[in-house]
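Chain IDs A, B, C and D follow the sequence of writing; residue 1 opens each chain.
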């Protein structure tokens, strides 16, 4: 089995730009994360444009769907911003692909102390190999079917 | 669903003792790891004596089996040293409990830069919720049934 | 000898707010930094309002001057944003206090991977004990007298 | 001014070997530390054999003295194990070189969470530029002349 990892940005991949003095995107941290995880499973990383998920539009979601469609792998982890993760999950879920697609992300950027990014990424990599075909949101230790979840923004968590 | 986490030591929980100048065990890092993971799933942490898995004997493995037997939860993650993880998995596997028990650990201590501990812990927490009852070893992105795995020590990985 | 540390904010103390999804200020990281440094020298930490130094006005700088004036200690480290560090150094320098006052900060927040904050803080703590009375800017391995420095913003460094 | 950094090992540079499962030495972390510190001062790094300072003998100390003698720079930071830092300081001090030589190290390895290594390194880099010629031990916020210091091993600190 090979796992496909699709990077789309979100808090997970936010980067502190020291000249600008603010958070944005540079390259994805995922190549480094995959090395750090010492993954012995073969992995294909695909880096789409990195976006804050509040800035994603329909075309961006179609691009993610296209990447899932074209993937040879049946296990896919999509690293995504949490704010509109549900909307992307709906687009992917409606397509009813014969694949296990797991969306995950982070509340704290990977490069920030005390980040949940590495935990969530590991969590999603487990689920993508273990659950039947379908589209799931997997964050902070909980797994949700794509059509049975909402983000509680005041608590910063999915329910 | 509630997840039970059982700490038994291993590289994951090794701690640098600054007076002795060497690695040993103090308290488990798991309470801090669970907070960092922002787990919204209820979790029960049980801390057994923390041991290097090369120092574990039959009684130590029976203690781990006892903890799994007594657990109310059907999903269990056992954090364990990698050197004898297979032996403990065999003891747990032979008991054929109606639970999903996932053993995991780390190649690099949690408190050391570039550690795989948080990834592996997330990975195991996903699998413990997603796979059927059974005993599994889950490390570095791969899942093994307890009776179909061995550790390749020269490469530092399970096969 | 006792060292006084005055926290005023800046990139050093920026904190990622996981509900807002952006960088701001919460409590200073300096209590934790001082513990981590295992400082055996007595230290007095004074926390002023934490500000982005671009948001500092004359009253804010007078408050910092007041803290330096009132301090019993003759060695003082001021943790400050880099963008207007020079302006604050000028206010402190003009007062010609019989103290060694060292302004420092960071290009990358303390809580972000690969931060220079701990290095700069150690650097300033050394200089505050070693140089004659005066006001200095100490960043990234270089020491500047307050009246002989400017920040090159395009390179993100003092010259 | 240029600063010379001499790496000799010690806790600062200890590295966790994931195949052996114990602490030893690989390459020095100092190239990475110097980049992280964003040092704008020119720096010459010289890497001597990396040793636990309990394993250092007279020849090892003469090698360090030789490196200090040959250095063109008048400011030198020696990164060294703490257990015999005083003995090396005595060898360097007796030579009465017209240079400012600062020995520093760490209680916790650079690559371990909560390490004091980066603080101590910054501290020493400040002192090496600011104090008159002489040999100093600089650890955890305190500066000692080479002939007025001892290590209290039960407290893990210099006095």
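FYI, a residue touches a chain if its C-beta (ideal position, glycine included) is under 8 Å from a C-beta of that chain, and two chains touch if they have at least 3 such contacts.
For clarity, every value in this text was computed on a predicted model and none was experimentally measured.
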{"item": "Neighbouring chains common to subunit B and subunit D, by label", "value": "none"}
{"item": "Given subunit A and subunit B, the chains that contact each of them", "value": "none"}
{"item": "Relative to subunit D, chain with the most remote C-alpha centre", "value": "A"}
{"item": "CA centroid of subunit C to CA centroid of subunit D, Å", "value": "25"}
{"item": "Averaged-CA centre spacing for the pair subunit C and subunit A, given as whole angstrom", "value": "38"}
{"item": "Cα-centroid distance, subunit B relative to subunit C, in whole angstrom", "value": "43"}
{"item": "Shared interface positions of subunit C, touching two or more other chains", "value": "107, 114"}
{"item": "Subunit A - residues contacting subunit B, complex", "value": "3, 33, 36-41, 43, 107, 114-116, 118-127, 129-131, 138-143, 157-158"}
{"item": "Partner subunit B, residues of subunit D touching it in the complex", "value": "11, 16, 18-19, 21-23, 83, 107-109, 111-114, 153-154, 156"}
